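Okay, so chain A shows up in both of these, paired with chain B first and chain C after.
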Partner chain A sequence: MKFNCSKNDLIQALQIAGRAVATKPQTPILSGIYMKASEGTLELQATDYEIGVVCKIEADVEEEGILVAPGRYFSEVSRNLPGNTVTLTNDNNDNTIHISSGSAHFTLLKMNSEEFPCIRPLNNASHFTIRDTVLKKLIRKTSFACANDETRLIFTGCLLELEEEAVRMAATNTHRLSLDQEVLEGYEGDKKQVIIPARILGELEHGLNSDIPCDVTVNISYNEISFSFDNLYLTSRLIEGQFPDYHRVIPSDFKTRVTIDTAAFMAAVNRVSLIARSSEYNIVKLDFSMGQVHISSNSPEIGHAEETVPVVIDGPDVQIAFNGTYITDVLKHVDTKEFYLSLNESLNPAAVRETEDEAFIYIVTPVRVSR
Partner chain B sequence: MSLIHVLDDGTINKIAAGEVVERPASVIKELVENSIDAGAKRIEVEIMAGGTSFMRVTDDGCGMTMEDAQMAVKRHATSKIREADDLVTIGTLGFRGEALPTIASVSRFSMMTRRAGDELGTSVRITGDGEPQVEETGCRVGTTIRVEDLFFNTPARKKFMKTTHTEGGKISECLTKLALSHPEIAFRFISNNKVSMTTPGTGRLEDAITAVYGTQAGEALLTVGFEDTDVKITGFLTKPSMIRSSRNWQTFIVNDRLVESKSMSKALDNAYHSLLPKAGYPLAVLFIEVPQRSVDVNVHPRKIEIKFEDEGRMFKAVYKSVLDAIRPSGQKLTEVAAVVEHPERRYTMEGMTLNTAPAVPQNFHEERSSGMAQSFSSAVASGTVADMEAFAEAQQLVQMERRTENSSYAPTEAAYQEKVAEQPLIDMEMDRQLSMVPIGQVALCYIIAQDPESLYIIDQHAAHERILYDKFSRMADGIPSQQLLVHPIMSFGRQEMELLESHQALLHSLGFDMEAGGPQEVRLKAVPSDIPDSEAETVLRKIVEALLSMHSPTAAEIRHACIATTACRAAIKRGEELNLRQMQIILDELAHTERPYTCPHGRPTILRFESKDLAKMFKRT
Partner chain C sequence: MDRWILHVDMDAFFASVEQRDHEEYRGKPVIVGGLGPRGVVSTASYEARRYGVHSAMPMATARRLCRDGIFLSGSYETYRAVSKKVFSVLSRFSPVIEPLSIDEGFLDITGMEGLMESRREYGLRLKKEIFEATGLVASVGIAPNKFLAKLASDLEKPDGLVIIEKEDIMRVLSPLPVRRIWGVGKKMNERLALLGIKTIGELANTDIKILEENLGTHAARQLYELSHGIDNRPVEPEREVKSIGREETFTEDIYKREDIDKALLYLAEQVGWRLRKAGTMAHTIQLKIRFGDFSTYTRRKTLEQPTAYDEEIYETAKELCSSVTMPRGMGVRLLGISGSGLGTSSEISLFSARDTQKKEKLYGAIDDLKARFGEGIVTKGNLIR
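For the complex of A and B:
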């Protein structure tokens, strides 16, 4: 096999594919990147059995063929090549890959391509298409709320719920829940719920960065999901299990609704957290009264911080304390200039909503502070 | 013929022997207890081959007349109680009147006894089920009992005896405890013609402990003294540096009776918590005195188990007495400090109110703030310059108000903490002249210090670790609890459920909130903020476990492992060079920790060489 391609294209493709290369491979072959050259395209594949990535780039193929290169070395070598184009050749009788660019020449030992578990498109799966911007927004507004803790697997993923005309995503780490909804056109099928690992959503969000809007085709089988768009194909296992019923978590009504300036409030909470963060739990107290919110934190070892931000309060005054991270996390993803914070008592969950987007809601539980 | 018939005495005795006489050690226990009840001053015990072939107990007690001696070997014959009512106030060790006949029924038994006033003594011989042979004989004052060929006529039980070595060990262990429980009696234990233990019988417990456990243990003793309205606990413990591999070294004596009590051992463990490495138990001899009426000793034929009226209260009493003992004497200093801190605090508070009062008079303030709310909302809504100014002004006011609120406790608290920290230091140096002075550092790991009497070697890492552990433990209280959106359901046993329900307040203060979620199920609604969700369940189960053993865990205890690790990481390591000032700080702070002897993992922090130890090393004695 022999081909020439642009170095930048190759590096970009390797960067995306490289994320699926197993860091601690169960078998050595999973540390490799699979390459297939045919008719003007080079296809790269990588998988760690959890997620899989297929990426295609243009290439001037002189001789078709298949090979598996050691992932880490191939990526590092490519990134550091001096020239603008890369020539890769492989003698079928030989066990080596020759990479040359400009004045540099590398020889890498190839891996046995027959062992590589090639990624095949999902068959017999239900599918739908969604605009990339819509999908990206759904991911961005929910996946941050997932748990990192591997012990309870279902919370490390986002719930994807499909209905006729609507697609919803929800994520929780049991202390907070983020839920967003969009209109879905052209989905005909049963109501469906799957849990997608946050990891693939992160990769997907990363990959959905083209300036030209496109459609993403999503295929869902009983235990796998795949996303394909542009020249990319991502696939992942689904998380098995029953996601808790998020409807029950959302309070039906709130006594107090506070309208707050997003940027000002986030900056203030961040500042006050400087003191609170000294302990492992980042407790920020909020006191809503008289047209302002008084934000304070106290650490017996360090000191005290406070700040006030003007707000509009509809309803009775409230004092409440939160883990500051849970507040700043969501505000990073609030897109409107102002947001609503809806509250009941100081020990009831609160809700964050955008002023212009009814569909998005974030529920957060307060902390009980002694004294 | 009827199938059911009354058993003859011989059979009854053999059945009873199963309960009372389990092995040679139980024979020794019964006989020695009889000697103690007889008011003996010296007791000599001799055994051969672990007691399986020969046992002899000789005392100089009151002895018996011939008539009494004949009665004594009959079942349920006793001098110790007369009627059932006496059971409530039992003061003697034995009372059932079962021991002698049952022992006699399973061995070749002989007894020689003489009272001080009598000319001739009595000899009683019994072989198994045979009739007693009674005759007059010459012998010393007191009673001697020989038991030979134990279980010769009950082969089944004989088979269950362990090796002579093991049985000998059991006897030795049992005698040790008996000797400790009666330091006023001189014990002498001869095994296979060798004297293996003697106690002086001076009446001083520390002498008995030294005699039994050796001088090393004798020197590491800590005194326990605790007295309450109806509970009195005295005795000795060893410093955590002196630990043993099993609980055999723990002796509990309730009203002069040796007992085994799981809850007391647990109380001991809990008090030593964080002082000991995992595999180890402190040596302890505790005398517990409670009113006779509040205990029931008639639970078990061998009387090693005992029932307290209020088990939980006993647990707490033992826990507290042990804790008081293992805390250093420096504890007194903090008491002094506590007296000082009160006026100090009041003073600061007055200071703060004085500062703010002239600035904003109270009633004026209230008027302003009621009008303020309006100006705020209008300021936000319209956003005109004038309104914004009003807002800024109002905000300033509110802030000032808040500052006074906060300052009334936050800085004051800091100030008084400082005072607490400083005060004892001064007191210590002035009152006691006990200051340890650092001399230098060895191998960048050990601090060498001295006071006029002794030389000290301190492990700098272990010492700092202990200081930090205590500091972090204090911070563990009042950790906020994070509520859960998705409530995990945990299932518990019936008993555990009851415990959870009756300790709602405790769990609440530790940061757990829960409600019943079904039969034997609870729905967890909030967990402490610093405990990862995945561990919350484990922690809760540990708390329940602690509650089951009647111990209410504190916030610091449930985080013991975590705090210990944090302290270990944050502490100065081996290899860090310290100057004299830094060493002094470590020594002073260590002196103020609650338990300075060991690091949280149980390794020792400080070694002391007294001048006499040094003299010994230089062969000056």
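For the complex of A and C:
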């Protein structure tokens, strides 16, 4: 095998593929990066069995071939090469990979390519296409609300729900729920629900960074999902299990609706949270009355913080306590200058909505503070 | 500055309250404690002590020793009220008070020389004011640390007042048996006896290396220091409550699942009420179970969210209980439930938010009734006896 390619293209591809290289591989081969050179293209693959990445770049292929290079060393060597063009050669009878660029020359031992679990496109899968900007927004507005706690696996993923002409994404850690939806033009398939691990969504959000809008093709089989766009193909296992009925947790009506300046409120809650203790759920108390919200937190052994922000209160006054993190988390993803906070009583869930976008809703439960 | 600690201990507290309130008990042996077949003595009056009755003794033994005694189950409400009066007197004598129990406590009187004629006068004045407020007699010990102060209050009981000056420490300590040291129980006493150590003086004169070899470094150092009258523990005014619990020894061993469940429900109700009264919630629930052969097991579970609700405590205790295999043919002698990992807040789950609101209202109503009419006013239907 022999090819020449742009060093920058190679580095970029390795960066993306590198995220799927197993850090603690179940078998040694998973620490490698698979390369296939053919017809002007170099294809790179990496997988840790949970997720898989395939990335293609242009290359001047002189001799076709397949090999697996040790992931970490190949990435680090490539990143540090001088010059602009990389030449990689491998004699089929030989156990080594030769990499040269500019004045530098490296030889790396190759891995056994027959052992590598190649990533193949999903067969027998239902599929749809979605604009990259739409998919990215859905991910950005929901995946932050997932649980980190691996003990409840279904909450470490986002629910993707497809209906005629509509796509929804929801995430919860059982104390908060984030839900966003978009029109899905041309989708006429069955109603479908799958739970996608937050990890692949993170990689996807990372990869969806092109300035030129594109379509993403999504394939869903019974236990896997894949996303392909540009020169990238990402695949992941789905999380098995039943996502709880999130409609049930969205209150049908609220007694009080408060309109709040997003940036001012977020900054104030951030400041007041400095005094809240993580061991006690970062409690931040909110007291809505007289056209303002009084934000406070108190830790007997640390100190006390308070701040007020003017708001517009529509309905009865409310006092309520939240985990401050759950409030600042969502406000980072609110895109409007002002937002609505809808409330009932002090132990009822509250809702955060954007003033100009009906599609997004965030439900958060208060913290119960003993009497 | 030299530390000075004062220890107050009410003399035969429960029995003395009974004698104060009942003229006919005065001068007679009064024994307060559990009157069931497995009860133990809480307090014996000095008249009863002459018959060899002492606290923690099985009630059956006490009855045998003192046939003419007056045996009472006691009225704890009254004792608590009296205790409150005692501590309100104590609060006039030092701002730093550590209550040890219902009837004893430490006062830090370091640097208060300007407020007292002499330490002896201060101690006498304290005893006098307790007597004026409650009609009861207390013993007082004053010494440079907690260990010595507690020891001193016990030296001339009842109605004692002993002050241990620095230069007298070893003279007082040396002849006393090692059991008088805090933390020396039956087992440690035996181990020390094997080393030929019977008195505190002998202990103080033993090479620390020998102690370390035989008792372990930690215990050895502690004993060695105490035997020289050294104790640096501060008087801690509000000791943090680490757990809240209740346990019950049954009059007769219980065998039936439903009886066990009933007992757990009863305990859970009490623990829930205590937690709510303290304005706190427990993250971990612990179950203690003792069988007829005295084998004792504890099981604990940390909940996803802290609770102070009876039924959540009950369900957890029941689950823990079913994880303990009952020895064949053995009944349950004791059950206990306690909550630890105490905090004042919990996150509400989205998927049970409606329940939380309902429960909070329900318990608000229940606790209101309990606070107004006493704990027994509301209970579960199947606990009504």
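In this text, the second predicted complex is superposed on the first by the 366 of 371 C-alpha atoms of A that agree within 3 Å, B and C clash if a C-alpha of one lies under 4 Å from a C-alpha of the other, contacts with A are read in each partner's own complex, and residues count from 1 in each chain.
One rule holds in what follows: a contact is a pair of C-beta atoms (placed from the backbone, for glycine too) under 8 Å apart; a residue touches a chain by one contact, two chains touch by 3 or more.
Owing to the predicted nature of the structure, the values given are computational and were not obtained by experimental measurement.
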Look at where chain B and chain C land on chain A after superposing the complexes, then choose clash or fit.
-> clash
State whether A:C118 touches chain B only (first), chain C only (second), both chains, or neither.
-> neither
Looking at the overlay, does A:N323 come into contact with chain B only (first), chain C only (second), both, or neither?
-> both
Winner on chain A touched-residue count between chain B and chain C: chain B
Scan A:A263 for contacts with chain B and chain C and give back first, second, both or neither.
-> neither
Which holds for A:P244: it touches chain B only (first), chain C only (second), both, or neither?
-> both
Contacts of A:I283 with chain B and chain C, given as first, second, both or neither = both
With the two structures laid over each other on chain A, which partner does A:T174 touch: chain B (first), chain C (second), both, or neither?
-> both
Between chain B (first) and chain C (second), which does A:V367 come into contact with in this model arrangement: first, second, both, or neither?
-> both
Please indicate which partner A:E345 is in contact with in the superposed arrangement: first for chain B, second for chain C, both, or neither.
-> second
Considering only the stretches 45-53, 99-107, 117-125 or 369-377 of chain C, report the one that runs into chain B.
-> 99-107
Residues of chain A contacting chain B in one complex and chain C in the other | 172, 174-177, 244, 249, 279-281, 283, 321, 323, 347, 349, 363, 365-371
The chain B residues in contact with chain A across the complex are 369, 372-373, 376-377, 379-381, 391, 394-395, 398-399, 402, 406, 410, 413, 475, 477-486, 488, 509, 511, 513, 526, 529-530, 532-534
What does chain C use to touch chain A in their complex?
-> 276, 279-281, 308, 343-351, 353, 356-357, 360, 364
Once bound in the complex, which stretches of chain A touch chain B?
-> 147, 149, 151-152, 155, 172-177, 244, 249, 279-281, 283, 289-292, 294, 296, 298, 300-301, 304, 306, 308, 310-313, 321, 323, 347, 349, 363, 365-371
Chain A residues within the chain C interface of the complex | 172, 174-177, 244, 248-249, 279-281, 283, 321, 323, 345, 347-349, 363, 365-371
